[in-house]
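Structures are listed in the sections that come next.
Heads up, the next two complexes both have subunit A, just with different partners, subunit B and then subunit C.
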Partner chain A sequence: MSIDIETARRVAHLARIRVDEADLPALAGELSGILSFMEQLNEVDVTGIEPMTSVTPMRLKRREDVVTDGNMQQQVLSNAPDAREGFFAVPKVVE
Partner chain B sequence: MLDLTYEAPKPKVIAGAKHDWELVIGMEIHAQVSSNAKLFSGASTAFGAEPNSNVSFVDCAMPGMLPVINEFCVAQAVRTGLGLKARINLFSAFDRKNYFYPDLPQGYQISQLYHPIVGEGEVLVELAPGIARLVRIERIHLEQDAGKSIHDMDPNLSFVDFNRTGVALMEIVSRPDLRGPEEAAAYVAKLRQILRYLGTCDGNMQNGNLRADVNVSVCRPGDYERYQATQDFGHLGTRCEIKNMNSMRFIQQAIDYEARRQIAILEDGGKVVQETRLYDPDRGETRSMRSKEEAHDYRYFPDPDLLPLEIEQDWVDDIAASMPELPDAKKARFMADYGVTDYDANVLTAELDAAAFFESVAAGRDGKQAANWVINELFGRLNKQGLTIAETPVTAAQLGGILDLIASGEISGKMAKDLFEIIWTDGGDPAEVAAARGMKQVTDTGAIEVAVDEIIAANPAQVEKAKANPKLAGWFVGQVIKATGGKANPAAVNEIVAKKLGL
Partner chain C sequence: MNANELTIAGARDALAKGELSAVDLTMACLAAMDAGTPLNAFVHLTPDIALEQARAADGRRGADAPALNGIPLGIKDLFCTKGVPSQAASNILKGFRPEYESTVTAKLFGAGAVMLGKLNMDEFAMGSSNETSCYGDAVNPWKVDDRKLTPGGSSGGSAAAVAADLCLGATGTDTGGSIRQPAAFTGIVGIKPTYGRVSRWGVVAFASSLDQAGPMTKTVRDAAIMLGAMSGHDPKDSTSADLAVPDFEAALTGDIRGRKIGIPREYRMDGMPAEIEALWTRGAEMLKDAGAEIVDISLPHTKYALPAYYVIAPAEASSNLARYDGVRYGHRAKLGQGDGIVDMYEKTRAEGFGKEVQRRVMIGTYVLSAGFYDAYYNRARRVRALIKRDFDLVFADGIDAILTPATPSSAFGLGEMASADPVEMYLNDVFTVTVNLAGLPGVSVPVALDAKGLPMGLQLIGRPWDEAGLLNHAHVLERAAGFVAKPQKWW
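So, the complex of A and B:
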């Protein structure tokens, strides 16, 4: 499977990464290279093999239903480009 | 327990310009999990807090923060699954659903696409006595809620609050088994009732804690039966999804509008385009959400921050052992044990608090009479004052006390209503209040006989008339009750008047 320029442009847009028009062919080429490596991996027969999710046997860690965090509006907002009255302020988005 | 068997309702038929059409509806209900903390962080889920105060660094997606699952939210999803008679998946896993929106700081929502925690179940939706739709549940998965954007605080800016970001949601997905707007609303109401019984979601639609996405398509009569026989969606029409509705009324209006819109397109020779639409209650119409379409490529993949969620059968069994009685079972029991009607049983079991109130009034008393008093006097009065059952000034013990006074013949039904009013405003023990106010029906036949004799002696003309026409005996009954200040037991007076007049 190869990635054409149009697909590269779309993927960049979905990821909100600005890519100059001139860089798209090279990017498409790189993505195609990655996918063809995946295709090589697909040649390995893995029927009946469980996907490995961890190298050591581990159980998903759980937390109790207790409020232990929060109440730090100032810190949460401190990196925001714009914040007003306790809210993040962003360019208007309306459906 | 009563064995209640139901007949399936007829689908709604809409007459088009050319021929008849039927509706096919499937729903995705987003129910906010009742919990103290969020799904993957220790921040509070409390509603109405200062903006961005119930937010941890996990919720606002600061670099390097990792999600840790709240086990209680998992238990709530399992409990909900059990309540919908659904299969519980001991293995489930979380995936990332990628999209950009200001209220989603991570840039993805953690959800469960490939391996949901709950599989197939069912909900019985009653529409009238003896008529119900059995709606199949396809799945329930756990996912994060998004934040909230406010658009009317500034002309050029949207304000974003992450307090809701990361709160646990259950997405409950039905099969396309609903066949009309009323059925769809009844389904939401039933699901809401079950969730509230289970304590897994408070069902507060106004606060957005329960919201529905509705998939609507139309087909010709007969097509749906072909789909049910084969489970082949090819027999059904193209569907549109109406997003994010939190009112039963709007759900019905939106479905009705959307069905008619699709019928108009099809009868015009056009094709329905599968898309996401938004209902505008002010204009009473649905409209396309094109921006959502463009972003529809969610590029799901397993969340590498979270191991699969593996739960043990023993743990599920423990939850199953602690399940409360659910609405269908409670209703059947009320009808069997208290002899109340189908309709009354629905009213009494609608809310858990009300059902418990009724049971403590009815215990050891006449169930039908208890139902009448709870529904007509108490609920009627509460509704009039805009109060909930939790705020009732008359307790179950007080109402029971009033019923006891009626049962023992000490007060009449009319006196009981007066006594109810007094207890409502002033409180107190019904027996003591009745005694203090001299509310006591005279059942002493001696006293009644004296009163009857006096009235008869004073009205010879009336006696002659009544002897000719026994219906006029009622006049004497009225006079006697009046003479005793309303305290004479009407049944006893009736009997004595008839005897004395020789009727």
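So, the complex of A and C:
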């Protein structure tokens, strides 16, 4: 499976990474190289094998569905590039 | 001998006997770090924290001092440390100072350890040469000509700092070999524990089903001491195992008589350097001489581990790294007139992520996208189940540990792989990546110098949760190999 420029553009957008138009051919080439390396997986007979979800057979722990933490607005916002009046600030989303 | 050259066990004894104070030991390390600047191993220094912790440790000296009382350590930049820059060697986390402490560092400090600073690494732990770091390359203290060599990656700063005696031990993390490969490249010991042995809470996530933290140290005994302090159940990590932590140091009996060591034939790769092959044979003889039985085994799906890994790890990374959006922490790009929120995400991530991270996030996005999820991601997870089954079968047959080379070569020159295809760099992980896919413990032990004079290591792989037995095998190998070489100081 080889990746064309149009697919590279679409993947970059899905990943929310801006890629200059001029860099798309090189990116498509690199991604194609990596994908052709992965093609080897098609040689393996995986009939009847379930995809692995957890490497150690363990049941995830359960706990009461209650609030255990909170009241730290200051700490939550302390690393934000733009925090105002107790909120994270972003460019206008809704017109 | 300067105090910074001590092992953890040696320093522990000297501190207990009152021959040394934690403050003097810390000062010796801080001086070595200052002189070691050309190695670019430490990227954020925390001398004030270190001296405060050392003074507290001196107040606790005595018979009931905790396991790492007064021991100066370096911390990989991937661990969140409260109030101290923690950037995963990425520009996208520039300026980030966590409001919380990772479970591992909290446990280490609880055991009396001293933090000297944060260590260089590949960006988000994605790399095998420490050349993808936003801080620039870390440099291997080992040098045989005028070239600067890579300390390996991703825990390259940790490996360089321990090998150069800038600290007594360091934390590392290992997703595909990031503790074991740099340990082998620098002549030190590194263990990746069983998945779930060490809490991942507060460690910047790369591929959550593969990531494990572990110690990087000068000796196997030190690895046992430090791993004991790092391990244990953590309610904040749902994949952390609720199992008792054995006394790893007490397990170092040196007796492996009757143990069965598997030699997997599939690890004998085409084009493997004769030196690596000879080292491997020598290692097997050492274990045999100690009374172990050497058994040829087969792990038939080995060949598919690397391609499966390079589907699964980028898929998980693309999801984990979605959080870096310029809203809650780290870098946000300068926006132009009329730029909307999608422009903000795209520009921020293009500026903040380096090339290798961008490539892996995009590969991960592609293999998870509609229409390809089954063909790539689900197929890779099925192959992963088969890789794990290969190991389950040999362990069910009575194999106690598996011996393999740690890396396909000794350390290479910085910049030498710059024009290589990304896949060529990925081949560095060929012997280590199976262990992460199967969730097993694996340890790299320095065994010999190659003809150029660079360290080479062997890897031992253990049964799940048997780090104690694994470290005992490693201890026997270490003793038989008698590797004592140190890098010539050029820095």
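Note that the second predicted complex is superposed on the first by the 94 of 95 C-alpha atoms of A that agree within 3 Å, B and C clash if a C-alpha of one lies under 4 Å from a C-alpha of the other, contacts with A are read in each partner's own complex, and residues count from 1 in each chain.
Throughout what follows, a contact is a pair of C-beta atoms (placed from the backbone, for glycine too) under 8 Å apart; a residue touches a chain by one contact, two chains touch by 3 or more.
Predicted, not measured: the structure shown is a model, and the values here were computed from it.
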Exercise. More residues of subunit A are touched by which chain, subunit B or subunit C?
Worked result: C
For this session: Kindly classify A:Ala12 by the partners it touches after superposition: subunit B alone (first), subunit C alone (second), both, or neither?
Result: second
Exercise. After superposition on the shared chain, which partner residues are touched by A:Leu41: those of subunit B (first), subunit C (second), both, or neither?
Worked result: second
Exercise. First (subunit B), second (subunit C), both or neither: which does A:Lys61 touch?
Worked result: both
Exercise. Thinking of the overlay built on chain A, is A:Asn71 touched by subunit B (first), by subunit C (second), by both, or by neither?
Worked result: first
For this session: Would you check which partner chain A:Val93 touches, where first means subunit B only, second means subunit C only, and both and neither mean what they say?
Result: both
For this session: Across the two complexes, find the residues of subunit A that touch subunit B and also touch subunit C.
Result: 14, 16, 53-54, 58, 60-61, 72, 76, 82, 88, 90-93
Problem set entry | Residue ranges of subunit A in contact with subunit B within the complex | 10, 14, 16, 53-54, 58-73, 76-77, 82, 84-95
Problem set entry | Touching residues on subunit B, where the partner in the complex is subunit A | 35-37, 41-44, 50-58, 60, 68-74, 98, 100-102, 149-151, 153-162, 278, 289, 291-292, 295, 297, 299, 302, 306-310
For this session: Over in the complex, which subunit C residues touch subunit A? Could you list them?
Result: 95-99, 194-196, 209, 235, 238-239, 241-242, 301, 303-304, 306-308, 310-311, 318, 322, 325-332, 335, 339-347, 349-350, 353, 358-359, 361-367, 369, 376, 378-386, 388, 421-423, 426, 437-439, 464
Exercise. Once bound in the complex, which stretches of subunit A touch subunit C?
Worked result: 3, 7-8, 11-19, 27, 30-31, 33-35, 37-44, 46, 49-56, 58, 60-61, 72, 75-76, 78-82, 88, 90-93
